[in-house]
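Per-chain numbering from 1; labels A, B, C and D assigned in written order.
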Amino acid sequence: MLHFENDYNKGAHPALLEALIATNDLGLSGYGTDEYSRRASEKIRQATMCPQAEITFLTGGTQTNQVVIDALLASYEGVIAADTGHISVHEAGAIEFSGHKVLTLPHQDGKIQASAVRQLLETFYADANHEHMVFPGMVYISHPTEYGTLYSKEELSDLATVCKDYQIPLFLDGARLGYGLAARSTDLDLPTIAELTDVFSIGGTKMGALMGEAVVFTKSNQPKHFTTIVKQHGALLAKGRLIGIQFDRLFTENLYLQLGSHAITMAEQLIGILEEKGYRFYLKSPTNQQFLLLTDSELEKLEKAGVCYGFWEKYDATYNVIRLATSWSTSQEDIDALAQIL
Amino acid sequence: MLHFENDYNKGAHPALLEALIATNDLGLSGYGTDEYSRRASEKIRQATMCPQAEITFLTGGTQTNQVVIDALLASYEGVIAADTGHISVHEAGAIEFSGHKVLTLPHQDGKIQASAVRQLLETFYADANHEHMVFPGMVYISHPTEYGTLYSKEELSDLATVCKDYQIPLFLDGARLGYGLAARSTDLDLPTIAELTDVFSIGGTKMGALMGEAVVFTKSNQPKHFTTIVKQHGALLAKGRLIGIQFDRLFTENLYLQLGSHAITMAEQLIGILEEKGYRFYLKSPTNQQFLLLTDSELEKLEKAGVCYGFWEKYDATYNVIRLATSWSTSQEDIDALAQIL
Amino acid sequence: MLHFENDYNKGAHPALLEALIATNDLGLSGYGTDEYSRRASEKIRQATMCPQAEITFLTGGTQTNQVVIDALLASYEGVIAADTGHISVHEAGAIEFSGHKVLTLPHQDGKIQASAVRQLLETFYADANHEHMVFPGMVYISHPTEYGTLYSKEELSDLATVCKDYQIPLFLDGARLGYGLAARSTDLDLPTIAELTDVFSIGGTKMGALMGEAVVFTKSNQPKHFTTIVKQHGALLAKGRLIGIQFDRLFTENLYLQLGSHAITMAEQLIGILEEKGYRFYLKSPTNQQFLLLTDSELEKLEKAGVCYGFWEKYDATYNVIRLATSWSTSQEDIDALAQIL
Amino acid sequence: MLHFENDYNKGAHPALLEALIATNDLGLSGYGTDEYSRRASEKIRQATMCPQAEITFLTGGTQTNQVVIDALLASYEGVIAADTGHISVHEAGAIEFSGHKVLTLPHQDGKIQASAVRQLLETFYADANHEHMVFPGMVYISHPTEYGTLYSKEELSDLATVCKDYQIPLFLDGARLGYGLAARSTDLDLPTIAELTDVFSIGGTKMGALMGEAVVFTKSNQPKHFTTIVKQHGALLAKGRLIGIQFDRLFTENLYLQLGSHAITMAEQLIGILEEKGYRFYLKSPTNQQFLLLTDSELEKLEKAGVCYGFWEKYDATYNVIRLATSWSTSQEDIDALAQIL
């Protein structure tokens, strides 16, 4: 089987497993108070050049979004997001479960622009009835987006400016952050992201960890008693060390970025093969996800050949949108085998 | 001052005040268990020709929507509504506060069509990832809509069919129901609404009551322990008699419909005057709300003359959308005076 | 029938009805922005000698508690209350519905003492695991309590001191406040209550209004966008005038206190009769509620004579705890007739 | 350092780590749909002799309690629990966050008895005002309890009978279940627990897994769309395989029970040593947790010797309650070293 269906179908990168094995017999304190979690936090502070960053390790992406958004919003506030945003569509109402509306804007390749956010905010405050409406209290973006696209430094900076103007936080969901950081064309690095956002997450689950996301509050703005908030959401891991140890390793010797780079290299080869064979792209992204338009019979061929892909949606009577994702675990052999099949 | 800004700027219809005065000294049991609430319920059962109808009296419209929707939905379900629906925009997130997403569809003059609902449901269940999404668990419509428009019997029947096909309830928000029932062109009466919907509300606040909405479950489908659910939402009135007595009177000698009819007659006169004077309509509705396009200087003129209107939104550089609403309390003198001013 | 079962079985005091009738034809703005609501607020500011007081009118008692508590608590905080407190027992989980735990303390005649609150807070912060627990974020007391008892100025002052020491607000639920203010033995008046609490409610429903409670924030501490919070809880009345007009009248010519005094006079007569006849008290209160121990046959006798009483609980094999409540509407004739029967 | 502070201070049992390593390169489907999760479920069905059991793997204990309780309760229902229950005290209000009250009963050594539960239910339904109260909709027990104590088969059977009589589910929180199953004196095995409860959890975190709890619905009563409910609570792990693989191993060759037995053997040696040395027990349990009364200077001695213990509370001026816990990872060397120190 060739696994291109997503970026979380394998276990963990060997170096992370080794770190877990090496520390397995240590008796450590629980709930993220262990020295590995502290050390991982310190390394993230260095990598983000953000000495005041406050870091918490959570287990999963939806959980991270729910906890961060609920912790930062007032009860009467909602969160602005692209209509394709993960929180808008694929989190089973986790944001509404915690009492908040997702205020959607039409996406452009998965992104929202500062101008649209500003217009939403202006319109809201201009509305004489806005006290009867949900206050827009935060901007949520995913980077890379659900379509693998990336914000430019200018775009992110513009979003930051709007947020500052309206005194609402900017939250960047980095479930696949490593693939974004490693993209050739990006002008956004970790320090810039830390500077321009109020809080962001660094995804581990899709970047070679068994599981785990790091939440980074960058403006000394971590909500009071955040541990209690995390616990209340059922999100406090007893053996917090697990995530701390993995992130400690990911942020040692630049591994996090290396894993991202590897996936990008594989994605570039994949794009090359697809272009060469004349496949039709639905969306060619600068990161690890590529979206194709394939016919039913082309899909059947892939399946017979043992290629796992992600099915997105019917495009029209003839075509389907499918996703092929590379990852930290995609090997040259995988790519070569896929090239043979295609 | 001439009050055309909304349909709830006066107190109560005199007959309702009289009923409150006449019963004021009676010692009655609380929380809606009194004989007037029972009697009002019985009259609503008769007026709807729905002998199994279960009726509860609540205080306000947003409260009614929150209680009904939260009571009927499973925790993982959301409610389908027009993007202009009251629950989508003007309830300050009351639906999300109770944990549910509002799944919006683009409106057409404030309405949603069965075909669009069916497509949303089909697309949802066809999506391989739908277990990661909010289940569409109910359809909400307002009738009249926020734009004063009305569903036809055929449209409502089609919505009912979709809901039956997918086994989800159809909820009709009748905050202004009387104005809809009294419209000349409507083919929807109370018994038909009771037959086609699973639950609907009969608005009192905008129909001559001090306050109060009747919730009518039509299919022996009132959730278990509904009184407790109402209490839990802070919506159980100690002196439930207040609403019971008013609805008892509204449903005596056809008063509810008469009040609706009166407002429609006034609205027709208003439309006649506006057309005669050449005003530009944004939306001419068959009920008590009319939407006009007026320039800033026209608005100023109205204000100087003491005409209260509802401001909706900027239309373009020249025009504003404004609402003129008649109601149970609009007098012939009001209309004549407005005609003079216009 | 003689109504001693509770203090909300009649309509409204005639003066309030008259005020509603007198203003019925006025076109007023909605949602509590009308001049009567403003005027009522101003009178409450004067009566409480608290010029900075911020006042909002809500419909019912449970609703008031839910809105105030949810608005003031952080998400991870709970509210300290007597285990007999209305929010602890008889609000169908309205506090938990909004996400907060009620942290109960054993009551003494319906009250909690500052020493017990302090101990709870000390114990909490001394607990090494307190970050895994609900933070005590507010103290709730009812005054009069559910047993008709009253806090003394010293007791309230001590509670205020504890709250100040721990920087948490003190909330006094005054659903029956007028009966407390009018009690002979009390040394707590409105200005003192306003001074010692951070927020309190002034009950109308049980004090002669059709419905309505005034929420009074006394320390310039009304939460931001409180109207939106109220709306989100389904608690914003379209015709807010209804409550404003009634409170305007209640706080004119000292009516609120007069109604309280009347009920107290009636209660004193009631106590006199009961003592004279040798009835056994479960709890003799300084306010309008008296609790008796009656046998089944005594209860039967009352019922046959048409006396309505409140059943509390079985006391033992022989006795039942029942409540007799006087109110603003209890007449001398009622008392005399009851005396005859007893 | 000698680790007796809790049972989750080490990583995972080597066999589980090996299973993770052995499967690391496999491309598996996400969200618990992989073959290892299926296989683990099948083994649990066999071990519980409950062929209809429906099993879901979650990450942590508080999360498990929140998801199960919220999924099974109606919105107006609360959960009955001991006042020392984990959900009552140490979950930061996670149950209230999901809208439900915890209805506490006084504990006896951490347990609640069927008679007390029955009385609570009888009193509730006998109360004329119970529609204004939170309905008791479930019974929660922990087994072993927070004090390491165990229910007998008769006690559990009695609780099951009460629950059946009132048609509410019985939920057993088995965060430390293995230590209970392995206790010498217990007459409760897995099949009996599956038979007598409606849902229970099998803890992995404290039983040698990196993390993970298995939720077992035993009566074909898993709520509809449970995956969506799990996702909505932020509790759906992308790489569900992690927990599936570990539970697959735990339920292979009886490992789960062996780990429990080992901890019990260590605990018996610990008790022997403590008794021999004349230490004063606060509570001597049949499982892996022992509670002692130690003076400040005795604590200091332990700390100096590098013994980690769990601090519970001040007992009186002289004594402190502390916990010593053995676990799957406690070695004979640990015990011998501790014996030396004591």
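Basically, a contact is a pair of C-beta atoms (placed from the backbone, for glycine too) under 8 Å apart; a residue touches a chain by one contact, two chains touch by 3 or more.
If you're wondering where the values come from, they're calculated on a predicted model, not measured in any experiment.
With contact taken as defined at the outset, chain B and chain D are each touched by A, C. Here A-D and A-B were compared by C-beta pairs in contact; the pair with more is A-D. The most distant chain from chain D, with centres taken as the mean of CA atoms, is B. Between chain A and chain D the centroid-to-centroid distance comes to 33 Å (mean Cα coordinates, whole Å). Chain B has its Cα centroid 42 Å from the Cα centroid of chain A. In chain C, the positions touching at least two other chains are 75-76, 91-93, 97, 99, 131-133, 228-229, 231-232, 236.
Per the touch definition, chain C reaches chain A in the complex via residues 70-71, 74-76, 99, 131-133, 135, 224-225, 227-229, 231-232, 236.
On the side of chain C, the complex with chain D involves touching residues 75-76, 78, 89-93, 96-97, 99-102, 127-129, 131-134, 311, 313.
If you check the complex, the residues on chain D that touch chain A are 1, 3, 6, 8-12, 14, 17, 20-21, 23-30, 59-67, 91-94, 97-98, 205-206, 210-211, 228-229, 231-239, 241-242, 308.
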